[in-house]
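Chain IDs A, B, C, D, E and F follow the sequence of writing; residue 1 opens each chain.
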Amino acid sequence: MNADTTTYERGQALSETVNPGMEQALAKRYDALVPGLSRMVVEVPYGTFYSRGVVDEKTRLLATVAALTAQGGQTKPQLKVNIASARAVGASREEICEIIYQMTLYGGFPAMINGMNTAIEVFEAEDSA
Amino acid sequence: MNADTTTYERGQALSETVNPGMEQALAKRYDALVPGLSRMVVEVPYGTFYSRGVVDEKTRLLATVAALTAQGGQTKPQLKVNIASARAVGASREEICEIIYQMTLYGGFPAMINGMNTAIEVFEAEDSA
Amino acid sequence: MNADTTTYERGQALSETVNPGMEQALAKRYDALVPGLSRMVVEVPYGTFYSRGVVDEKTRLLATVAALTAQGGQTKPQLKVNIASARAVGASREEICEIIYQMTLYGGFPAMINGMNTAIEVFEAEDSA
Amino acid sequence: MNADTTTYERGQALSETVNPGMEQALAKRYDALVPGLSRMVVEVPYGTFYSRGVVDEKTRLLATVAALTAQGGQTKPQLKVNIASARAVGASREEICEIIYQMTLYGGFPAMINGMNTAIEVFEAEDSA
Amino acid sequence: MNADTTTYERGQALSETVNPGMEQALAKRYDALVPGLSRMVVEVPYGTFYSRGVVDEKTRLLATVAALTAQGGQTKPQLKVNIASARAVGASREEICEIIYQMTLYGGFPAMINGMNTAIEVFEAEDSA
Amino acid sequence: MNADTTTYERGQALSETVNPGMEQALAKRYDALVPGLSRMVVEVPYGTFYSRGVVDEKTRLLATVAALTAQGGQTKPQLKVNIASARAVGASREEICEIIYQMTLYGGFPAMINGMNTAIEVFEAEDSA
């Protein structure tokens, strides 16, 4: 197995663990329009970035939640995914909301409130699951 | 001592520990133009947000580094301060750069490269100190 | 009464005047996740910023409408609140829309059109009230 | 006919060709609040910018799609219009999606996925027309 | 004189009053690369937007300062121009800084501090003039 | 040679053609802090995105110039690189500036002027080369 094969395989192993069926769903929706999009998502975010292991998953995901909150409401779909992932690796609701709350200082009040509302949507989905 | 007195005093205790002389420097530069600016910085970021203690300082600062990187080069002065603060509470250069690197996915390549260059400036200042 | 007590009390007096019930609503929705969030909103925006009195309320609110319009559609919920507040302190519909219109030059046409649509939503709610 | 008359007339000719009824629709919705808004849209984007002819329409529209994608989900209504316009001047679905896809590198993954979803909405409307 | 001629002439009259020599400077620097750029700046910002007169100049300029501050440090050259213009129509240093200060809530602390530093540069240039 | 090997090799072939020495320069500056950063830049932008060939290089680069201009002055280093690349694949100065000029409508006047100034820096470097 050469190094590049590993990128895809490592990405696939990770994406199937944390997000089963993602590659097939992306392929079905996007690959006719952008050939290779689903494979790229497996290789780049999952195989190249998420799987590096330099910082632990919880820290990496809380940092991502911070960034998406500061970028504002337009990243809401991705913020929901990353909040759910942070929950899955052991972040408490209070820790996630604290990180969102700290973003008041950098993204302003609208970004913080939008982030809190997105978190609450994720938690409500957990409670009704 | 009532709760509100504590806000200012708690902020002052924290800012004097991590950033000695900050309140006086802000007061000298800004308070004639905006009366109370220096006190507000002590009370709000330091007394109200940074001192909450719900997440540890290292996680809070890495999340801040993530957000400022994703917001792009215009927050460079503040990114430098927060990278230096993350170093001061024990984050390694590799951890800080890893968090900046992950922002490729959310802020794009220009934001990541600008963030890396800012981190290197902070590390070079450490090495020449 | 010391200076800090005044921050909270001043904020509460103002928020109860312009936005009655806000603190309780925030507390109910957010404080279990972020202890102190509702008090912070009373103390910081209301007690520390909105109540300074250096510029008149109408100018302060029109400037806020300008900024939120230029930041784009993601701040729509907050833009609605600030447009309604500007109306409450005497800004005409024409003045509010003029400020939004000027943002064509700084935020671009999409931001301006989104801002106009948000203003129209507020005015339609006034007309049906 | 002097040069300035031409600005409005040129804009009107172009807007009536690519977007028939636009000026009247804008006038009805916005001109009571902002006198002259509809005329400004005819004169500035259509009469002053779109009609310059230095680059061909397809290139100009693909560049616009790139910019609106990188600016994120908040420009979705305008992104839809420009995707439809790019289609009308001969851009294929694959070309439009390729340009959106390239924005992964500059606007990040959330911006790219939001852009793809917007494009799919436009294509679905074409298919059901 | 028809309505469109008035747009250019009105813009020119205003730009020569508040910014003498601007059109010639823009023409010299940019018009070989973008034919008509200088005329467009006269017609659109000056002739179409700044000269509408629906809100007074001071309010319009303070709103612009708010928006450019919230957009962050990348608009610094334009923020300087608009702060100087606000001064020229009678805004005090305290009023301008107050508007910048209020942006803490919407653009975050980095945007506010960057805005304050830009204002101080303008005031220092006034003092040394 | 399997498909993944091709990603790195394809990226290397392209980056060595358009940007000789880039991988080594990135490796020297960044790889001690972020192991694999230089390889990722070769594999992802060059091997995965730039080399897809669905749209021609000139269109792809003009679209990138549009996006970086609309994102504002903070992406100036990357805007310079992409303007130079657009020149290298045959875009005229007038075409590049036209695309920047069109961004007035989406990114606002400050973004357009900043983009024009960046383009002029690239052209002056060409003239003095």
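One rule holds for everything that comes next: a residue touches a chain if its C-beta (ideal position, glycine included) is under 8 Å from a C-beta of that chain, and two chains touch if they have at least 3 such contacts.
All values reported here derive from a predicted model rather than from experimental measurement.
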{"item": "Chain labels contacting subunit B and also subunit C", "value": "A, D, E, F"}
{"item": "Shared interface numbering between subunit B and subunit A [over half = same, under half = different]", "value": "same"}
{"item": "Counterpart interface for B-E, drawn from D-F, E-F or B-C and sharing over half of its contact pairs", "value": "E-F"}
{"item": "Of A-E and E-F, whichever chain pair has more C-beta contact pairs", "value": "E-F"}
{"item": "Most distant chain from subunit A by Cα centroid", "value": "E"}
{"item": "Geometric centre distance via CA averages, subunit F-subunit B, whole Å", "value": "31"}
{"item": "Centre distance in Å when subunit B and subunit D are each reduced to the mean of their C-alpha atoms", "value": "40"}
{"item": "Whole-Å separation of chain centres (CA-atom averages), subunit C against subunit E", "value": "24"}
{"item": "Where subunit F touches two or more other chains, by residue", "value": "44-45, 52, 68, 70-75, 78, 94, 98, 101, 104-107, 109-110"}
{"item": "Touching residues (chain side subunit A, partner subunit C) in the complex", "value": "72-74, 93-94, 97-98, 101, 109-111, 113-114, 116, 119-120, 123"}
{"item": "Sites on subunit C touched by subunit B in the complex", "value": "2-8, 36, 40, 43-44, 48, 52"}
{"item": "Contacting residues of subunit D [partner subunit C, same complex]", "value": "29-30, 33-34, 37, 41, 45, 68, 71-78"}
{"item": "Contacting residues of subunit E [partner subunit C, same complex]", "value": "44-45, 49, 52, 54-55, 59-60, 62-71, 75, 78, 94-95, 98-99, 101-107"}
{"item": "Subunit F - residues contacting subunit C, complex", "value": "70, 104-110"}
